[in-house]
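Here's the structure, in structure tokens; my notes come after.
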Amino acid sequence: GKSDNSVVMAYDQAPESVDPFFNNVRIGVIIGQHVWDTLIYRDPITNDYKGQLAKSWKWVDDRTLEVELREGIKFHNGEEFDADDVVYTLNFVSKPENKVTTQQNVSWIEKAEKVDKHKVRITTKKVFPAAIEYLAGPVVIHPNEYYEKVGPAGQNDKPVGSGPYKVTEYVPGKSIVLETNPDYFADSPKPKPTIGKVEIRFIPDRQTQMAEAISGGVDFIMHVPKDQAEQLEAAPHLQVVSGETMRIVFMQMNSQEGTPAPALKDERVRKAIIHAIDRETMVKEIVGKGSRVLNTICFPSQFGCTDHGAPKYPYDPEKAKSLLAEAGFPNGLELDIVAYRERNQTEAIIGYLQAVGIKANLRFLQYAAMREQIRGNKAMLTHQTWGSFSVNDVSASTPVYFAMGDDDISRDPEVRDALNKGDNSVDPAVRNASYKEALTRIAEKAYAVPLYSLPVYYVATADLDFRAYPDEMPRFWEMTWKK
Amino acid sequence: MIGYILKRLGLALLVALAVSAIAFFLLRMSGDVAIAIAGEGARQEDIELVRRTYGLDRPLVVQYVEWLWNTLRGDFGTSIYFKTDVATLVFAKLPTTLLLGVLSLGFALLVSIPLGVLAAVYANSWIDRLALAIAVVGQALPNFFFALILVMLFSITLRWLPVSGSKTWANFIMPTIALGYYVAPAFMRLIRAGMIEVLSADYIRTARAKGLPTRKVIFKHALRNAVVPVVALTAVQLGFLLGGSVVIETIFALDGLGYLAYQSITFKDFPVMQVIVLMLSVLYVLLTLAADIANAWLDPRIRVA
Amino acid sequence: MANSSDIVLEIDGLSVDIRTAGGTLHAVRDISFSVKRGETLCLVGESGCGKSMTSLAIMDLLPKAATKSARRLAFAGEDLSRAGKSRINALRGNRMSMIFQEPMTALNPAYTIGNQLVEAYCLHKKASEAEARERAVFLLGKVGIANAAERLGQYPHQLSGGLRQRVMIAMALMCGPELLIADEPTTALDVTIQAQILRLLADLQQELGIAMVLITHDLGIVARIADRVAVMYAGQIVEEGPTTSLFNAPRHPYTQGLIECIPVPGRTEPGGRLGVIPGVVPSLVGEVRGCSFRDRCTKAQQACLDAPPVRETADGHRWRCILENAA
Amino acid sequence: MTALIEAHDLTRSFEVSRGMFKGKRTLHAVNGISLDIRQGEVLAIVGESGCGKSTLARMLLGLLPPSAGAITLEGQDIRSLGRKGMARRVQPVFQDPYSSLNPRRTIASIVALPLEVHGIGTAAERRKMTIEMLDKVGLPQRFADRYPRELSGGQRQRVAIARALVMKPEVVVCDEPTSALDVSVQSQILNLLMDLRRELNLTYVFISHNLAVVEHIATRVAVMYLGRVVELAETEALFKAPRHPYTKALLASVLTPEPGLGIPDTGLGIAFPDPLNPPSGCPFHPRCPERLPQCGSVVPQILRDENGAVACHLHGQAPAPH
Amino acid sequence: MTSEPLSLPAAAEPTAFSRLMRRVLGQKAFVIGVGILAVIVLIALLAPVLAPHDPYLQNLSARNVPPFWYAKGSWVHPLGTDQLGRDYLSRVIYGARISLLIGISVVIISGLIGTTLGLAAGYFGGKVDMLVTFLVTTRLSMPVILVALAVVAMIGGSLWIVILVLGFLKWDRFAVVMRSATQQVRSLDYVAAAEAAGASTTRIVLREVLPNIAPHLIVVATLEAASAILLEAALSFLGLGVQPPLPSWGLMISEAKAYMFFSFWLIAIPGTALALLIFAINLAGDGLRDIIAPEGRS
């Protein structure tokens, strides 16, 4: 609370490891950004890149990035930051045998070399314009001497970074305590924190979190569902802050060869499904403030994302029924739907489908199990979300599901070609055009149901002054107490 | 005596073996670990890599034998999710759960023994009916529902107790009650039934015929014999409580074995699940052994002649 | 008659009612008898005729569902039906004690027999544990248990039925009772052991001058051990008298039938037919009017519908029948 | 009289555990019994509780396989007869009339069970035979559709007898058929058994511990002690001149209703027999008032003569040294 | 001899049926339990008639309407609506079907497994008994909820999967009770008598033993049904039970708990329904046990 200048945050899931490379959960990213620094920093409002551990950087050629490092920075254990740390970290994490959990964040790195004490060169495996984005996000820098000594396990036991907060107590699975790093370097784009102590407790049950918030045991919770957040707003000592995130929600429909639901191969059925769902009402009633209805499978702020020219399918249950009848299903049909989060939204979708005669049986699975279903060509309808790792570029979203990768279950070569063209070009105009082509075709063929973006609701003590960002990252270093 | 214990330990070993095999095959056959390890957004080649590096591409039986061999050597493997040594992980969480189990068992006994004795002594009176009513109502309330009601009452409305965590003893009050109340009726009924039976036994009449005061008849002669079956039930119920703590630990954010189990189930963390199931089963068999020994101590008929 | 101070137990008009689902069961109906110092009274009768209820009523050990009433239930001149619980507790196990039928279950399996033996003595005689043990050893020796001191540490299940019954007898004698009630003390035992135990009991009773009520359904035992006999049928005493008189000249048709039923070498012809009492025992639920045996009685008459008179001879032989002598 | 059933060196042991912490021990419930049951006789088996009477009976009925030895029925091993074959010729009457009748069946269906099992007659015929049989044991027809719990102990025992006799067996093995009953009922049952025997020409094996009853009903008596037959003789001979000290003690313990005789002194020690821990030599020697020096170490041989058989060192030759 | 007026009431008792009825009616708890249970069963059977609305019909613009006794409530939705605007009363009514279906199906599956094992163990003893005892110990040593959670998490929850999983997990008590009951009956003389009459083992087990242990079976079945319903609720509560939009009470509690601090009725209604059902089953089971107990003893 304000009285002792500390914030207790509750989160529903404990990270498997606090080492950012060895977890793939949001709380891991949050802890990572507080305890560690990255080479580059992206301003969450302007989306400008600024140097953090790096003073400056430039592309030497298509695949080589040269980074000049800031001097005089110290890790929490006193170790000095220099090129060795960067080289060691990048080379360590990019080696598959080191079993980094977030492979997709580091697999683009070919190697890192020390040029001099404060300059390194990073080589990418192929042309990879998004490298800056990754260096500004998940790729944090570890202290090489310490890391070499203790390894990922030791870094998890006693984490050491260079970030604005340092870990003073960590009980895996239970809680982690962060306290301000008094020696944090002044030039960092992350301002020196005001909040002296941040305790993150892992409370799996959402109701327990709410109860704690109501009873004052916890100051800050996030990912609160809309209804609950609105209810908590009534409590005088609490405030609710919400905002849009980059996480998009959509339904894939398995229309590839050998699909267990051949009906979905029929474009009319797919269109009927989109027409059946009242996305506007869902957004308004159950998804919440900050959400917007999408028409294409990407987040609007992402580079290349657009819905201009793409057909839109407004809520029209009658049309849906007639399309189904046309397709030969006048009495409706029965389909399975797999989902892994926001179950109430899936349930609403099922309700809408039921209303037009599609009986959807929910199979609510763990993410991994759902992935298995999809990749094994066993899924019919899927209710999915995608956060693009907060990467503000379409290359991080649409291609994952439509470029004939493992998760593509519509498998249209035309779409793939257009997406690949966009991915592999450095010319923004070419990229924009090819992505538009792909997105339009996806919409025309109704390969998937674009639903909406997910908002995030934070509930916090009324004293705390903070804002919500699309990347679902609470930034304690910039939070202050209200006067 | 030694022979008997050895035999029972042998049984424990056999049970453990069976349980581990069941758990291993059941878990492995129903899901792909590699995808779980690779995580959200992993590509097929990432998954393949995981599969190879973890040796998941070999036949199940081979994997099981290897796992068994490692376990026998004391190497419980590494958690897929937490990336740490499973043994360390599990043993770190065990105390919380055991504490919770023992506390709730204690709570259950504390409530049920007096209630059961009263109900038996005043069988068919209003006291008996009241005790029975408490028992039936108690058993009808799902423990998660009851836990939430406790939270509503003591944390939200009255603000007497902290909602979650395991920092202070106050944190354990609600979980203890929520977990323990559900088994209390079983004990109460058993004690009541046992007491009623014992009270009608010939030796109680003998004791009364000696002119002993009622208190002494009940507490010295009757209770001692009525608690014998309770001891056996205690072992079973402690096993039940450890299983039931999954729900309670999740609700009260107690960082114990139950929550770890729930997490490992959620994340398909097979090595952890495997060890937890194994550990609980061994614990159960050992507990029943302990109960048998305790029984023998209480009931000399079973003891060495 | 006898010196009234010699009368240890005096019962007048004892009834025991038991509440059952089907109504009130009149288990014992208005029975009267008395026992003198050094005398053995046997209560005989078939299963369910109320023998045990009578003994439990005397000891105030009736089950919860049972209630007793009596015009007088006096122990050594003191009316127990008016005594409080603590007074009865002070007498029980002290001046009056009881031996139960089942030697296998009458001892608490959880405690050593030593523990169970000394309990009453310590309580009633305010004696130390050591004194009590000494007495226990003495008594165990008396009931014919060798190496008694060792036995004190044993648990009931380590003893055979015969030994347990001896322990029960010793336990009953711990405080030197004036009245001993033995409810079928040998029914569960083998014949050879039965003879030994009965002999022991009879000897001790003689030696200590105890008034004894012995309950049994075995006429053989009765004949050998009793000074006087009371025959019970359907909750009532139908005949009572000195043993010889009762066996040699039974007056009540039921007693006669009973004696006829058992094969007696010499009296009954091997392989021949035995006497029978036809029919079954009447239900004791609800009011029973008249002679309760009339159903099975070969000599029943209309008059049996009314309560039969109690007849008595000079030597104290009494019976309840309209007939002077049914023989 | 010819031997109908012959038992040769019959032995039956049980593995019994004595509490949790001790190993199992072998209990010789029946220990080398040879016996013949003659056509038309009433062979009584007497002995103390736990001496193996019921075990012997169950083996004779084919309900319990012997650990060693064999039983023949008219020279044929009963194992080869099978369950059904035995059932037609040998039937039981058990001690406890409460547990020997299935509480969920009517009296008629209990009595008809053997007929049903053997597929004799139609349902109507079976019913008729059942009613006749019930009538024979003195139960009026109105009992046929009642349940056992509505009957008194004596009536139940009649039902058990009816069930045993409905198949018209040759041998009836009665295991203490009256010991759970009151004397007034006992005499009815004993009379019934004797009547039926004459009428149906039955052979009885009659187990009892009541010597007065045995003397009344039996033609021959076998006395058992700790799993062995210690004496076997015609009833009259046995009661007149018992040879084994145990038989003598047994007879002395009988309390006939003769006032004034007092309680006899059997002269027995109080070393009660423990079947798990049988004494060496003659099993009776620790209690025997006439014990000889060799009794403690040498098992007495059975002496068979015209009077029957006896196993005691007081009778017969000194055993041949091994 | 004048026989007629002379006869006394014999020790014969009233007929079995009237005695049973008296004992049954004497058990007030049992009568209450069976009464409630009957009402719930009726509600389940008549759900389509009784439910005012389609339990699946959602209306996102009429969400979380409170029940009629609140100012904002109305009789259109007597118990209000849930978070998707579905009629709560209709869902509660249909929920009874699911809970009963689960209770009954699980008991049938586990009862068959457990009874077979228990009968075999109790009747044959020896090696069979050892094997069954081992199986039971093994089964007991694995906490049901944990194993059920794991399996359901792996293969995905659905009504029938939950039923199968619970059915295959909950046979232990049947086996234990049936085993000891069989052992007890096996040692009774009427079994020996049937054997001596030449009856085959199958016949003895099915016709002599089974009917006599059936009351125990029924008691265990009722209590197990209650416990299966509770387990399903717990699984659904953890999100691993039956799947929405099926109106299972456990699932309704689970969904409503998000609203418990502000709309308590949402959790209280299915919670009460569930508790009432369990309460009724337990009362009935207890009563049944008391009713059969004296018979079993004699």
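As written, the chain order gives the labels A, B, C, D and E, with residue 1 at the start of each chain.
Everything below uses one rule, namely that contacts are C-beta pairs under 8 Å (C-beta built on N, C-alpha and C of every residue); 3 or more make two chains touch, one makes a residue touch a chain.
As the structure is a prediction and not an experimental result, all values here were calculated from the model.
J.: Hey, how far apart are chain A and chain C in touch steps, shortest way?
T.: When the steps are counted carefully, the minimum from chain A to chain C is 2.
J.: Please identify which chain has its centre, taken as the mean of its CA atoms, farthest from the centre of chain D.
T.: A
J.: Tally the contacting C-beta pairs at the B-C interface and at the C-D interface, and name the larger one.
T.: Most contacts of the two pairs: C-D.
J.: So, what's the distance in Å between the C-alpha centres of chain D and chain A?
T.: Distance between chain centres, rounded to whole Å: 87 Å.
J.: Please work out the Cα centroid separation of chain A and chain E, and write it as a whole number of Å.
T.: One centre to the other, that is 46 Å.
J.: So the centre of each chain is just the mean of its C-alpha atoms; given that, what is the distance between chain B and chain E in Å?
T.: Here the centre of chain E sits 23 Å away from the centre of chain B.
J.: Starting from the mean Cα coordinates of chain A and chain B, work out the distance between those two points in Å.
T.: 39
J.: Counting only residues that touch at least 2 other chains, which ones in chain C make the list?
T.: Only 280 qualify.
J.: Among the residues of chain B, pick out those that touch two or more other chains and give their numbers.
T.: 31, 148, 152, 156, 250, 262, 266, 268, 301, 303, 305
J.: Multi-chain contacts in chain A: which residues touch at least two other chains?
T.: 207, 211, 214, 366, 369
J.: Going by the contact rule set out above, which residues of chain D touch chain C in the complex?
T.: 48-49, 152, 154-155, 182-184, 186-188, 190-191, 194, 209-213, 215-217, 235-236, 239, 249-250, 252-266, 268, 270, 272, 274
J.: Under the touch definition given earlier, write down the residues of chain E that touch chain D in their complex.
T.: 11-13, 15-16, 188-190, 192-200, 203, 208, 211-212, 295, 298
J.: Of all residues in chain C, which touch chain D in the complex?
T.: 46-47, 144-146, 160-163, 190-196, 198-199, 202, 217-225, 243-244, 247-248, 257-265, 268, 270-278, 280
J.: Chain E touches which residues of chain D in the complex?
T.: Residues of chain D touching chain E: 58, 61-63, 83-88, 90-92, 94-96, 98-104, 110, 113-114, 117-118, 147, 149-150, 152, 160, 163, 167.
J.: Could you list, by residue number, the parts of chain C that touch chain B in their complex?
T.: 59, 61, 63-64, 88-94, 97-98, 100, 102, 105-112, 116, 119-120, 123-124, 155, 157-158, 168, 171
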